[in-house]
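By written order: A, B, C and D. Residues from 1 in each chain.
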Amino acid sequence: MKIIKNYLPLAMVMVMGLLMLGSYYVPHKLSVDYVEQMNKWENIVFAFAFLLGLLSLFVSHYGKIRRRQDGWGYSIFVFVGFLIMVVPSLISGGKQMVDGQVTGLGWSFRYVYNALSATMFAVLAFYIVSTAYRSFRIKSAQAFVLFVAAFILILGKVPLGQMAWESVLGWTGYGIDRVIEWIMSVPAVAGKRGIMIGIAIGAIVTSLKIIFGIERQYMGKD
Amino acid sequence: MAKTKTLAVLIAFFLAAGAASAAPKAGKTAPVPAIAGFTAADMPYDAGNALLLRWPDGQYAADTVYRVFLSTAEAGGWVQADEFKAADRSAKAIPLPFWAWEPLPGELAVKLEIGALVGELKSGSDVKVKVAAFEKDKLIAESLAVTAQIRGNWFRLDRLNNLILLTVVVIAFFWAVSHAKRKGLFIRRIAGLDAIDEAIGRSTEMGKPIYYVPGIGQMSTISTIASTFILGEVAKKVASYDSQIKVPHYDPVVMTVAKEVVKQSYLEAGRPDSYREDLNFFVSHDQFSYAASVDGMISREKPAAIFFMGYFMAESLLLAEVGSTTGAIQIAGTDVEHQLPFFFTACDYTLIGEELYAAGAYLSKEPMLVSALKVQDLGKLVVMVSVAIGGLLVAVGAKLQWDNLVQVIMTLFKAY
Amino acid sequence: MKENLLKFLKIDRRWIFLALAMILFVPIIKPIGLPNKTISKDVQNAFNYLDKVPAGSFVLFSLDYDPSTRPELHPQAVAALRYAFKKNLRVGIVTYIAGSTGLIQQLIEKVPAEAGKVNGTDYVVYPYMANAVAAMTQMASDFYGIYDKDIDGRDARSLPVMKGVRNYKDIPLIVNITGTSILDFWVAYVGDKYNVPVVGGVTAISQPGYGPYLQTGQLKGLIGGMKGAAEFESLVKEPGKGTSGIDALNLAHLMVLLLILTSNIILLVVRYL
Amino acid sequence: MTETTWLIAGAWVSAGLTIFLFSFLYKDNPFFKIAEHLYLGAGMGWWFQVYLYNIWKPKVFEPLAGGDFFVLIPALLGLSLVTQFVPKISWISRYGFTFMMGYGAGLEIPARLSTDFMSQIAGTIKPFSLMASMSGFDILNALIVAAGTICVLFYFFFSVEHKGSVKKISNIGIYFLMIYFGAAFGNTVMARFSLLYGRFDDLNTSAAASNFYATQIILAAMAAYFLLHSFLGKKEQAEEAR
């Protein structure tokens, strides 16, 4: 049993990983075909992985309704929302447009999903303003540098800010767009590149640990 | 070298001249001179659907247009495969590094993809090619038809630099892992982590819980893997201080793993009796409802300390802002660079990028993690040294116009 | 005095919310009329790359944004697509974000018709694929291995728009407009690996992160956020939502700056006076 | 229903949902909760139908119906993930996970090496190769990028104690990080405002007379609700206000 439960999955991750890794260096048709097959399979496995999230959502909200937990009524709307998208889709066969006519699915997407999803992110605009006011403190030299960079970026993004810069600092001969470009292409590149390289090495080492079965937390314990 | 080449060209020229008169196509119209030294071979380091054609440049005027024709046994007949000016294709333009390709001076080289023209061919198929030179649409010269065999190759020699680097990393990795038992490897202080004790102590004093938010990553995300390690260590301390921890989850799999991690920590801290299954609980598998629910809990319970460790996207702002208004000590860490500014402004301590990966090793001092960290440091050392020395050499080389040196160094780091 | 100031610092944040809502809504009803004038190098490069592609070539658009980032990215996509049609390029559209299929639908209802372009002849839309990396790697050897049918179920190989297109070697440019890390994938798994020029359009948030790729030329050009959209619109000389949007954002940006300054000045006063 | 009716209904629904979600900014309320849960379900529903018509149907069911049983392998691997819900047999899901992990890890290593490692080194030293033709300012910039990158990497160096000159170098690295963070913060402000602008723009469309003033009426209704609510439960509100 241990073989099926532990060793075989670990062998699979190793074989899969090494073959994918090797395919980068092997141009032969066999290797290309293999990668092609795996790509198709991965695409399918990935789509099924979505079921995991869907089911856990359903289970948790179904549980709330069944137990009549506090606010269980809202949980009904999870299922309503799901059906609002899925039923029209089943009717129109997944098409949003048939013969130039918007289908039920197209309508649901435009007026329900679009509105909800876009508003959720738009709410962040309010939070960023309040963060700027309440948390953006120049408490150290480092925070001051962060502040200056952010200030210039915010200012230079809109025409009004560009005009303000021109009237105060125009005599220097440096437009704010040039200053921003410098920030973005010189010091910010150095900062980002440092983080990026560090993360890349971390990712490579972690991937090696995964392939060789040293990192196997994701498998859970017996 | 130059002598033998001239000789070869000469011989080829005579041979070609002799054969050209026999070529059927040339026989029909007025005979045209042959293009000398035309060779075709399988394109190396590819899957087997391209040919490499080479012939000496400078035989005709600079604005000569070349047309390449090819023919296969299956299709028969000649198909025009490519058309270009001599100036557009030189052997130097073939994108291969110096260890895999040696361009001869004054040579034309063409990589001819044949898949799109005659369909997929089996490895080992014969393909006939010839090249013709035109001046203002008038045929002025034509090469002999040359037969070449296409083959699938087994190694991308041009990616050798990548492979060597990988080999070094793998060797270092295995060396570090196999020597992982050694005790006492040093890790530098990580500021945010020293605050963990303070945070837990505070929560014990105030009798309020600690929130540990693992973010919205899946178990395959590296930052989530790192986060579960840190969770284990935090939970251990929480258990031994007899404080309380709450872990809201986004992903059911991460939750399963986290449950085991926390249980184990309580066991190791000698307090298995205080462990409860509902310390880890599932909130929602949606970014914003997860954030909104966690926000609600934080503002109701006003925890003493909040940890944000793992993979965060836009919700970082929602979480950290609400957390800071409750006055909790906030310690954050993520490898999502563009969310770091928000954690940095709204939290007390922030682990930046790789520090998150190192945190697990720092806290647990587990030999395996620590030695993996050493491999990462080695990688960074390689980058630092390469940038410093490579930059210096390239600068000097460019100043003194040692073009070869500059080319060699640049090629070493080029990705093919 | 100090107490009053501190109180002001701890003001109910809903007042700030209200102020922002007003300051953003008013210019929508009554535009200020300060259009964007500057054009950044990266947008110019993106434009140049699209401009340079010879007419009749097949350009791949990977549109991977959903309604949550639509206001920033949709104007970019509209402007880029319009220009591609104006230049008589053949366009293939793919996506790796499920939410984006609806927006692509809205896009192709409008833009091709303006230029008189025909589905299947001048452009084609492919269905959503779940795993971006898998699809990208596949397209390197055989495009039709993963995209055998277009979104209407027609055989992709036989469509006139796909004539002569088999893999990346037949695609002179990839334009990826996205609010996710899919552009990183295009750079790492396609641009670098197979030498295809990649041009990106991203949200302003992820824009600074692409500096290193731009500097190395791994990414040929970048349109960043609504400002990038406005700049691109002025390059193709067709003002749209990007241009009008940037106008409305003027006051809100100044408000943020004022708030940051105010709070820090208050802190300074409280501490040192 | 005619097409215009659908359009008007759409304007009302989208304006309503938008305002419900925004109402959270004032305070938590049932309308927000309804919209939020609806969003949760609708998002999942949208993804579900996309997967159904783009992958499950054409890539799994149709090949199966056509007698291609090869697709059973990935389908079973994918389905194995669902066994996570049954603790007794949850080990079966390991096969699905290991497949995905192995695929991802194997693909990631060489790509990261070339894109985020080698190319970044090359990108840092490349400007120096144009030394002969560069202006002083360009040379300075190239130096700043190279030195900055090294300093930041020093900050992430864990094997040595950060004191003395190492501390100084890594401190410089922090400043580069801060500039990057500041730039990211500034850009994010613009991004978020753009989204808000997009929503307001839509609300403005819904507010038109042809849509029977959807925005105004719903806004007024929400305001009325909050007023009424505060009249009825003054006590409650005092608790919630912060």
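FYI, a residue touches a chain if its C-beta (ideal position, glycine included) is under 8 Å from a C-beta of that chain, and two chains touch if they have at least 3 such contacts.
Keep in mind it's a predicted model, so treat the numbers as computed, not measured.
The leading chain pair by number of C-beta pairs in contact is A-D. Farthest chain from subunit C (centres taken as the mean of C-alpha atoms): B.
Chain centres here are Cα averages; for subunit A and subunit D they lie 4 Å apart. Annotation: 19 Å between the Cα-based centres of subunit A and subunit B. Work out the mean CA point of subunit A and of subunit C, and you get 16 Å between them.
The centroid of the Cα atoms in subunit B and the matching centroid in subunit C are 23 Å apart.
Contact of a single residue of subunit B with at least two other chains is seen at positions 47, 159, 162, 169, 219-220, 252-253, 256, 284, 286, 288, 325, 337-338, 341-342, 344-345, 352-354, 376, 379-380, 383, 415.
Along subunit D, residues 24-25, 36-37, 39-40, 43-44, 46-47, 50-51, 53-55, 84-85, 90, 97, 100-101, 104, 107, 109-117, 119-120, 122-124, 126, 145-146, 149, 153, 155-156, 177, 180-185, 187-190, 193, 195-196, 198-199, 242 each make contact with two or more other chains.
Within subunit C, contacts with two or more other chains are made by residues 17, 20-21, 24, 68-71, 99, 101, 129-130, 133, 137, 141, 192-193, 204-205, 207-209, 212, 215, 225, 227, 249, 253, 256.
Within the complex formed with subunit C, the subunit D residues making contact are 25-26, 46-47, 50-51, 53-55, 58, 107, 111-112, 114-116, 119-120, 122-123, 126, 145, 180, 183-184, 187-191, 193-201, 204, 241-242.
Listing the residues of subunit A that touch subunit D in their complex gives 5, 8-10, 12-21, 23-25, 38, 40-57, 59, 71, 74-86, 89-90, 93-94, 101-102, 105, 107-126, 128, 132, 142-143, 145-154, 157-158, 182-201, 203-204, 207-208, 210-211, 218-220, 222.
Remark: subunit D residues 24, 28, 36-37, 39-40, 43-44, 84-85, 90, 97, 100-101, 104, 109-110, 113-115, 117-122, 124-126, 128-132, 146, 149-150, 153-162, 177, 180-182, 184-185, 188, 242 touch subunit B in the complex.
Across the complex, subunit C meets subunit B through its residues 141, 164, 166-167, 169-170, 192-193, 195, 205-206, 208-209.
Across the complex, subunit B meets subunit C through its residues 47, 95, 113, 115-116, 337-338, 415.
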